[in-house]
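Next come two complexes built around chain A: one with chain B, the other with chain C.
The block that comes next holds the complex of A and B.
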């Protein structure tokens, strides 16, 4: 038997090993109070992510395929490997204090995050529907468990169960779509499917298959009308995990959509383009509408993450509409920008919850007076919210700018207008939080708080710096996105 | 050498960030060290850059990064080092360094000590960006940033309502100019498809635009220059800006920022040279402003206001020079003026410091013996400003008058000569009122008169030396070191205008002698009126009451604006606010908000929290979308 080329999966192997070591080491870490000092576990997890990050960066410029063409290693895959490693690292950095405050600090948390990252990496690297599905399930099952991490809490259980039920439903729909694709094309590799279906793109059978696959991935990016799980799951899950859900699986699903659809369904680009355009409009509308009426900041961020998925989908739709990968450049820039600003915003909520595990319920009212109590926290949260709004000088502006300019490039200027108008609406609910923090008197006194420190400080600092740097110096990001697209589409 | 140019502006920026964040709690009284060291570093690097660019034919252009690139729309972040920017960098960082050191003594004990140095560093960064910019967009960035710093620093004593109002006034008046400047930049982009200096100038030289467009661009750019450099009729903000701390007046409102307009026109020399009509406008406005402000300067009582009007007048001279295509000479005067006007302001600050904050010259007098170091350095500055041989002002002002004469603009020349007379008069009126005669301050103040600390005197001495010697850098004709140095920058513009190097003739020497005599006459008259016959000013003021009132009230320009522009704007705005804003805009906004909220409430029940409903929703959605897409 000939061994497959393992170089393309070295980062994933590192993560896998790290996850296993975490699980093996954890039982031996016992302190006198029986709860265990988790520093070693965290260190292992972070080392694994750092290793994966470094190896991924060392693999820039490669062009290999492995496992009979099921997955590839190119700048496209590397871009996402790096993004996921950084994102997961930021989540792990912000978690210990939060888990400690809830007395649920267990090693498997870190192992599960690493495993989910393996799944996400493979989703981006996959060039075959079967591998895509397996990777997606690896990511999803890790996520279900993570959502239920506080298993003594009703909310956490509810979150996990809803995620699991709706997720399996979506997976089933997607799997059905893949089986139809196989039936029609006789292949599961993207390129092979593309060749087989190339001529007869628009037939009803093909369209049904394409749409079913799109639904499965649309579920993961929480596109309306497949979004309803999102707020419940995010709200019930531990906050660092909600942060992780809001960026990781979503980004992986976008990577998969962009990598698969242009290559595998070139004959139906118009149709799936329209499909995603319709989804994007619905998603932007739903996300922004619901976010407007929320009084709970965490839930507001959940709906806002739906809205952001809507902006991103406009770019994906434009790819299909134009039959060209160019609008996807903006989507990728946006994904990178979004990773940092959204992790930062959720991280700040995690910090507040850590400081007030019993009294803080994420409500808008409790944000009042934060500007005076913890100026740093308030300033950082303002930065992230302004970036989410899309204020120039921040990453969010750059992301929106590139996505919408790609949409305009595809002659869908009216779609860009809708997107811009709805992001104006979003200013209302983002800025409202800032107004509460700085201009409203608190109704009750807070407990005394520690300043932001340790891993949380590192995580927030990286997010904040990245948010500003991308906002001011976006060209290197654009260049790496361009080289990723070149790798994918020659 | 590309590697370090960016450090020139970035060092003060770093000092700004650190001082602003840590100044209040940690650095406090030591807040001056970092900004001073950073600016000293910038000065050293500017000097290195200056040495390296000497004699180079082509500018060094450094693209730091590309902020945006979408199709043909490129926003590169480029810096450009050529002889002009090297000279400007030296002036900004050198004079700035002296003023920073001076501020250590002057601002000592102020509650906003760290804030002052933080903003001054931010200003240094912005100004260096402005002069190092490689395209009009970066220039615009620096331009707006210095305006912002100016606004912060004028209103530094924000608890004083006049200071806050003056800051606002400066900001708003500058908006008028910057509006034109912004339009000019856009018109450049539309016309030439680029904002890079080299690209724009090459296309202008190749006849890439019609005369009308060039005139429009030049006039729009000049509108920005008029605002920033306080030229009539946009000069009204500068005298009020004297509410800021004196080092700010010296650095921003005399030596550097207000000269940005001169720099802009000189930088765009090719554009202006190709639009002779616009060039004439520049010269005419400059000439008029020179005499207009000088006349107002005669009657001011506040020592800093005299200097403010003098600054406006001297800037007028610079534009007069630009108006006849004497680019290098305008920059030469900019440089000498930076020395002696910074000196005069800092000296005036030393006087004010000695008198515990008194600025009214009618309550000064007899200070020569009591603060001698201030006195001698201030007289050196005054001689330079009046244009007395061999002080710096003599060489540069004379160069200007000479080149105006050569160009055949005899009217400009005559007005410039009269202005030289008035300049000598008001400058020495200030000196005599401050240092001569009987002390007129009250006793308590009089007792406390003291010489300023070393940190303030040393910059004065250095600047006085500069005011004496800087002029020798720009001797007339072929002897001019500075003119020769700047030659590569202005050669294309000179080529357009057909200006050739000129040799000194007897006429030039006669002109020099005439202008010195005229200035000296002004000084003598001042001496006669304010030392010899001290009853004369009051008598004249009484006899010529109407004229005196008009001049004292600065020709009622402020009142005119208040009655027309401001009034109309305020009334119009109020009407718009009541009718348009409140009813239509607010109505639309509230209506929209209301609509969205209602919509949000209406759809809220759909989010039931039940999984079966979610799944149903997914299916229904899939069904609807598939139907829609397939049917369409």
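The block that comes next holds the complex of A and C.
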């Protein structure tokens, strides 16, 4: 046995050590009132994420593989590692005030977020179905616990249980698909599977295996008809965690789909392309139409995240349909844009809940008068919602533009038309919140706690700046996406 | 000559049919031939010969679950160590180092559980 090359996993090792240190430090923190001062664990967690971010950026341009080719370090993996580290950092920054307001500020929270990020990083870096599965489970198990973090609340418990049951069901389906892949190809590495299956992609056994793996990952990205868990899980989970779920695991699952399917199932590209196209149409329809009738903003954002998964899936389907990785470029740009705008939108809900821990229930009518009560919050939320709608000048527009132009490039212009029409529909439910905030009188006065915590402000500011910067200057993002794809497919 | 794959299916089918027939036969024969005795004690749950006292679904102290979960964790640790010990000579030094990492991670959990008071019984 050789010593493994550990350079490709340095960011993950840093995160793992940080998580362990958090777990070791947490029980020793005690103050007089018995609740403990969590500044130390927050500092450790943020240092770990910052370390992982800096090391990942330093590893740009490398091309290595390790652990017998199970995982690689290339620009593709680095892109997602950076994205996950930033996303998790924003979530951790917005959490302390929120958890404090609910009197449940425990250090384990940060350790679990870090461990989930390790899983997500490995999902993006994996080039082997076994490692993909293990990484997915690491991410998922941390997520189940995070969903139940307010364990004395029925809704939080319900959220976790639903996530656990549907998630483990999806994992089992995916594992069954992987075992079929192994039975047919005699290998689990993406490239080896692709070589072994080669041209006989169209056979029934291969199609069944591809279908099962796609369904398992479809659950994770909450593609309709596997989306049922999403609204309940997001609504019941603590808001910063709902923010984390809506961007982290989803992005990781998209990274895995794009890295695995083109390389491992080249003989069945048309078939899985059509499968994802059908999923994308169903997902866009379900997400947008259900979001129209929601009166709870948090639940509306959950359905909107389903709709966004639908837009992203059009790009994935186009990759398969054209048998080319080019439409994936847009998907990756969209994933980066989506991370910031969605974290910002959920983060503002977390902020409002922190302001009014007892009275705020995320309902639409409580958004009335926000424009006068806290103008900054209302302006920022408007920015994020406009970006989610896809108004030019924001990150959301850039993401949609690149995804749909990739779809058109693959000669699926009708699919792009469906996507654009449904984005127009989505304007109704996003703009409705803005109208409530600025043009409706509040029905009652609320007791508001100020001021905003520094971490929350920083998290929202970074999300807002990134949303605007990606919206105005997208070329650097496009360049890094292009180099990531070159690393993956050359 | 039958196609070998179809031949295999036929053989498997015959085996399944015989297996199912035997299972059904045993159950129906014992149902038809066995002596019957009706005694109210027969319908009571069997608890090692002792007369049952109360419902089995009694609430337990949640502490038992924590200890049980930790037991499973550390039990599995031993399960992983056995095959490692058997093949350590062929795997060499990297495997030795990896086992130390594995145990160190478990130790983190152990210290955490200890400080959280999982092992304290009041």
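In the analysis below, the second predicted complex is superposed on the first by the 485 of 490 C-alpha atoms of A that agree within 3 Å, B and C clash if a C-alpha of one lies under 4 Å from a C-alpha of the other, contacts with A are read in each partner's own complex, and residues count from 1 in each chain.
Operating definition for what follows: a contact is a pair of C-beta atoms (placed from the backbone, for glycine too) under 8 Å apart; a residue touches a chain by one contact, two chains touch by 3 or more.
Since the model is a prediction, treat every value here as computed from it, not as a measurement.
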Now for A:24: first (chain B), second (chain C), both, or neither, which partner does it touch?
second
So in the superposed three-chain picture, is A:2 touching just chain B, just chain C, both, or none of them (first/second/both/neither)?
second
Chain B versus chain C as contact partner of A:226, first or second or both or neither:
first
Let me test your reading of the model: by the given contact rule, A:152 touches which partner, first (chain B), second (chain C), both or neither?
neither
More residues of chain A are touched by which partner: chain B or chain C?
B
Check whether A:162 is in contact with chain B, with chain C, with both or with neither, and answer first, second, both or neither.
first
Shared chain A contacts, counted only where both chain B and chain C touch the same residue
none
The answer for chain A against chain C in the complex is residues 1-4, 20, 23-24, 26-28
In their shared complex, chain B is touched by residues of chain A numbered 161-162, 165-166, 169-170, 173, 204, 207-208, 211, 215, 219, 224-226, 228-229, 231-232, 271, 274-275, 278-279, 282, 286, 288-290, 292-293, 401-402, 405, 425, 428, 472-476, 478
For chain B, which residues are in contact with chain A within the complex?
65-70, 593, 596-597, 599-601, 603-604, 606-607, 609, 611, 613-615, 617-618, 620-622, 625-626, 628-630, 632
The answer for chain C against chain A in the complex is residues 90-95, 105, 108-109, 111-112, 115-116
